[in-house]
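In what follows, chain A forms one complex with chain B and a second complex with chain C.
Here is the complex of A and B:
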């Protein structure tokens, strides 16, 4: 009995960092962008319409392909697996229409790319958000 | 007119290849390694298809001279594409795509399917110029990217009469937020440069045919609606001059009129279509309806449609669909009596050239299995049921063709 509750506590702890609550969508604070709706975030990251309500062009940045954040983000945002997101982009890239978000090689690079682009928008763990960034959307809270 | 786009394509190719080599600095102006402006990617399909009927060749679309005829064939779906993109600035991007696939002359000769420059005036307005894929229907410009869709190939009942993949021209896209969703408008114009095989009379060259079209699209949440129209004006005639010349030589007014009705040059074909897509989480569904109207009497007008639904369970997505195509016969009387032997031969010639009837439906069932992040395996069964005179979407039909076949397809779609 004790053992079982211990395992349960351990499991909860293990799963909590990857749990949805931590993930937020942020922009460069200099963009002046306010809160975004789920549809607006989808439009920006899926390349449908990359513009903030202020009129500024949005430049989405993806977390590294092999990291857990990317898959978690798209699952929370559109309930799609990475294979489906790849299939979606294959259609747009190879028909010469839109390019996918910038691909960062590390979470540090995400921060660097965000700081060097006024229209930069990315997702990350809430704990990584610094004073140069503004949280504009929290995927799981919007459901 | 012809050399101009070719030169343009070559220049663009040169610019795309040279720029990243000549200006490695433009990829990373600052000290930190930023993502490169040059990308090289590819897509491909390895496919094996077996159509049970040995009375006609089952083909992917009418750009293929042969297909599966009672035997396994690797030519229908197998292809390879490589694409280079270069981002000159935030607003300007160039793309070049070369595809090797089984084509009209039976070869796998690589062809440039894309060679364009794209300019984004702002996030709403975008212009492309060069060689691009005309979007006759929803997804018509991504038909070769097997990895991007659920079935092994776009339903043949719907896409078969669309053997055009690229044109030299341009398009404008306008995207504006409207109500809760996004409205998108697109217009395109260009000149075709492709050929299709015709069993009886050899290759038919579309080079110089003008393509024009556009669509209105609305996207909201999981729903996407689209209405589109496109037209193609044939620049060159079908090589059936003998039949027409014979009719004209008779001097009989009704026969001369029939010869004119059979002319293709400068006649247009109009494509009307409506599409509806629902895509939410593991569920995706599509419904497309289209009508193809030929001004020339030589081709019948076709109404076609398909529905498709798939549901993902982990890495496996089973799907099923139904498609239907039916054309309406056109009447053409030469006024020449069959009792006179040479006239009877002419009338038979007219009937033979107007042999473009289709009346068939296909039920298809399959599954897509995403083995790895960029590799998908698909297996599909098509049950084609048509009338014996449904011959437009197959090649080389024999007298015994009864319009029925069962097609088994296995494909491995990949990206790199």
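Here is the complex of A and C:
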């Protein structure tokens, strides 16, 4: 299983040079949040438990739908296709108890939203991380 | 009586209802069994089906439940629960995450009701499924418990059973319909065809039943064959019976025709017999008149002429022969009367032993010729019986003659007379009566070995024995020979004659003798037979009598017109005018003339009871039978008063007594002897007044018991006690004594039983009386 996933990821990497950069989960540096576990990231992004260990309410932000980052992120995080993630949210939205992450229209907007929110948390290529942001988690296939 | 049991008809089942009943019951049992089995089997199946369906249901909501549990979203869970409960098979649902319920709900009868409780978990058989995290199958985020609804299972079972039932019903309908069609086609239709053909079949003309097409080799075909055989047999039997009936009919017609012929012959024979008997009776009657003249002549001759010894023998021979022939004729007439039941038995003392001796002596020559001896044993004569001598003579002569003829040569005929009570007489000979005639020995016209025999001998002997209240029986065997036993009445003590002379044949018990005073009467003799008239004239002493004659009725009437006679002796059957006619005319004439009516006596050879009654009914004062002896006639005349009026001088031979009085009669008669004897003594003493008193008393008592003649005599004694000659009165007392001594007393019941006297006879006679009389 692991071997197969690895092969698949390798193939994807080969097919897309833009994804050659490492994907990381960042927060507003002002949040003061430390490193997060995978489960904590999953809880925040999939609406299960939206608090940082410090008690600060986390505000997840998704990359644009048509961008390659979003699919890559969820694949790495929970090994799901976007259609599955969308279906998941469709059912959750129906109950009205929780809501999906904010949807940025572009990478720039992700940065802007992050900077404007203390509890903001998003994912992006490592190359795009600036000093206002803190990397809290790096998803990879091995984890 | 009809029992209740018989009224209750036994319950009987036809084959069809029985079959239908059995099939229905079997179908019901099979159906019930099928449904039961279905219920048992379907329940398990329905349960597993339900569980499977619920599992599938859970599968469809699994991802949503995953999300709800993962995010602990109670609203989503509640939504899922509501959705699940919309399935009728789900009774309750619990969705829990991390040991706390996100949603719990169950269905009630009224619908879905939110509740929190432990009801669901208590129910066994619930469906529990672990809920994994949508992003990590290893991680359990919750649990869903689903409680299936048992009612749903039952409903499912019920649906299944309904389906099975429907299936069975359809099967039944299809199978039943098939069976019905099968039966209709293969049984009912052929049977109907067969029945129709049988109905139209004319078996007599030889038509036979053909089985329906296709049924030749089935039971129906066999039935047709059997019916054909039966029909053939029946037709044969009917033909046979018809033939038999025709034969019988023909035979019956023949028998009928023969019966008709026989009837005609019988009728002719009966007419012939009647005519023959009538002719015989007339012949006998016609014989009697001249015979009585012949018998009377020797006595008349002896009056004025003394014959020598030889002449006297000849005269006695004439007299005896005539008397014997006369007796035989009389006897044959009497036999006729005995058969008819009209014979009046007048018993007197009869010396049986003397009779037997006389008869055996008369047969001596014949016995000698046959080398047969007569041996008579018993008491010395007289041995008295209370009987009629002429009848006894006839019986004994007959029996002894038979015994003589039947006895083998050189043997002895033994006669044993026993003066016992009753008198018994045994006649034995060594011969044997053939077996073939023993049973009919006493029957009329039974004869054996006698070409000239009439077959009347034994028949008449027994008839005469019985008419004398006796009996005649016969015993015979090869060893013992033949014995005939005659039983007769013994003589009553008071009847034993003082002298044996009094019982001699033909002699009157007492003789009035010539010293009887004959009144000077004018007598008219009317008879067409001049011999009779002559004899009668010789009988009647003149003077004192003045006797006139007439040869027929008309002359008699003329004689009476000229001068009234005191007494008329009138023959009945005469030419020109008969006795009855003459009697009526004389009575009418004397009424017109205003003279005292003459005593008119019917004087006829017909001396049977019927003739006697007919005469009295016609108006005769008396009926006198021919022949009558001179003494009888003189006694009669002497008993008539000087005025010629009748004293009914001839007493009744038989007095008929009512059965309730009958037993008392012997005592009554015994008690009358003393007063009658006193009557005689009174006459001798000449006390006429006492005579009147006695006669008056006697008259009443005799009248009461029905002794009419005796009562009449006493009345005359009473009436004439002053005026009449004592001699006349004495004669009347004599007659009374004689009457009482000899009168034959019979019970009316006996008359009906033994003598077959028809109670209506007197009425019949009175109806014959001429209205002009």
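Simple rule for what comes next: the second predicted complex is superposed on the first by the 120 of 143 C-alpha atoms of A that agree within 3 Å, B and C clash if a C-alpha of one lies under 4 Å from a C-alpha of the other, contacts with A are read in each partner's own complex, and residues count from 1 in each chain.
Quick note on the criterion: a residue touches a chain if its C-beta (ideal position, glycine included) is under 8 Å from a C-beta of that chain, and two chains touch if they have at least 3 such contacts.
None of these values were measured; they are calculated from a predicted model.
Chemist: Taking chain A as the common reference for superposition, should the pair chain B and chain C be classed as clashing or as fitting?
Modeler: Superposition check on chain A flags a clash between chain B and chain C.
Chemist: Tell me the contact category for A:41 with respect to chain B and chain C: first, second, both or neither.
Modeler: A:41 sits against neither chain B nor chain C.
Chemist: Have a look at where A:51 lands relative to chain B and chain C in the superposition and call it first, second, both or neither.
Modeler: first
Chemist: Quick check for you: in the superposed arrangement, does A:80 touch first (chain B), second (chain C), both or neither?
Modeler: A:80 sits against chain B and chain C alike.
Chemist: Applying the document's definition of touch, where does A:111 land relative to chain B and chain C: first, second, both, or neither?
Modeler: The answer is neither, since A:111 touches no partner chain.
Chemist: Look at A:103 in the shared chain and tell me whether it touches chain B only, chain C only, both, or neither; answer first, second, both or neither.
Modeler: first
Chemist: Applying the document's definition of touch, where does A:88 land relative to chain B and chain C: first, second, both, or neither?
Modeler: So A:88 meets both chain B and chain C here.
Chemist: Please work out whether A:133 is in contact with chain B alone, chain C alone, both, or neither, and reply first, second, both or neither.
Modeler: Neither partner.
Chemist: Please name the chain, chain B or chain C, that touches the greater number of residues in chain A.
Modeler: B
Chemist: After superposing on chain A, which of these stretches of chain C ends up overlapping chain B: 8-16, 44-52 or 602-610?
Modeler: The superposed arrangement places chain C into chain B at 44-52.
Chemist: Go through chain A and flag every residue that touches chain B in one model and chain C in the other.
Modeler: 48, 78-80, 88, 91, 94-96
Chemist: Which residues, counting only chain B, touch chain A once they are in their complex?
Modeler: By the definition above, chain B touches chain A via 30, 32-35, 41, 43, 81, 83, 85, 87, 90, 93, 95, 97, 114, 116, 118, 122-124, 128, 132-133, 139, 141-142, 144-145, 147-149, 175, 177, 180-182, 219, 221, 280-282, 312, 315, 370, 373-374, 376, 415.
Chemist: Can you tell me which positions in chain A touch chain C when the two form their complex?
Modeler: Spelled out, the residues of chain A in touch with chain C are 42, 46-48, 78-80, 88, 91-92, 94-98.
Chemist: Could you please specify the touching residues of chain A with respect to chain B in the complex?
Modeler: Those in contact with chain B are residues 39, 43, 48-51, 57-59, 65, 78-84, 86-88, 90-91, 93-96, 99, 102-105, 109, 112-113, 116.
Chemist: Which residues of chain C touch chain A in their complex?
Modeler: Per the stated touch rule, the residues are 63-64, 67-68, 70-76, 79, 134-135.
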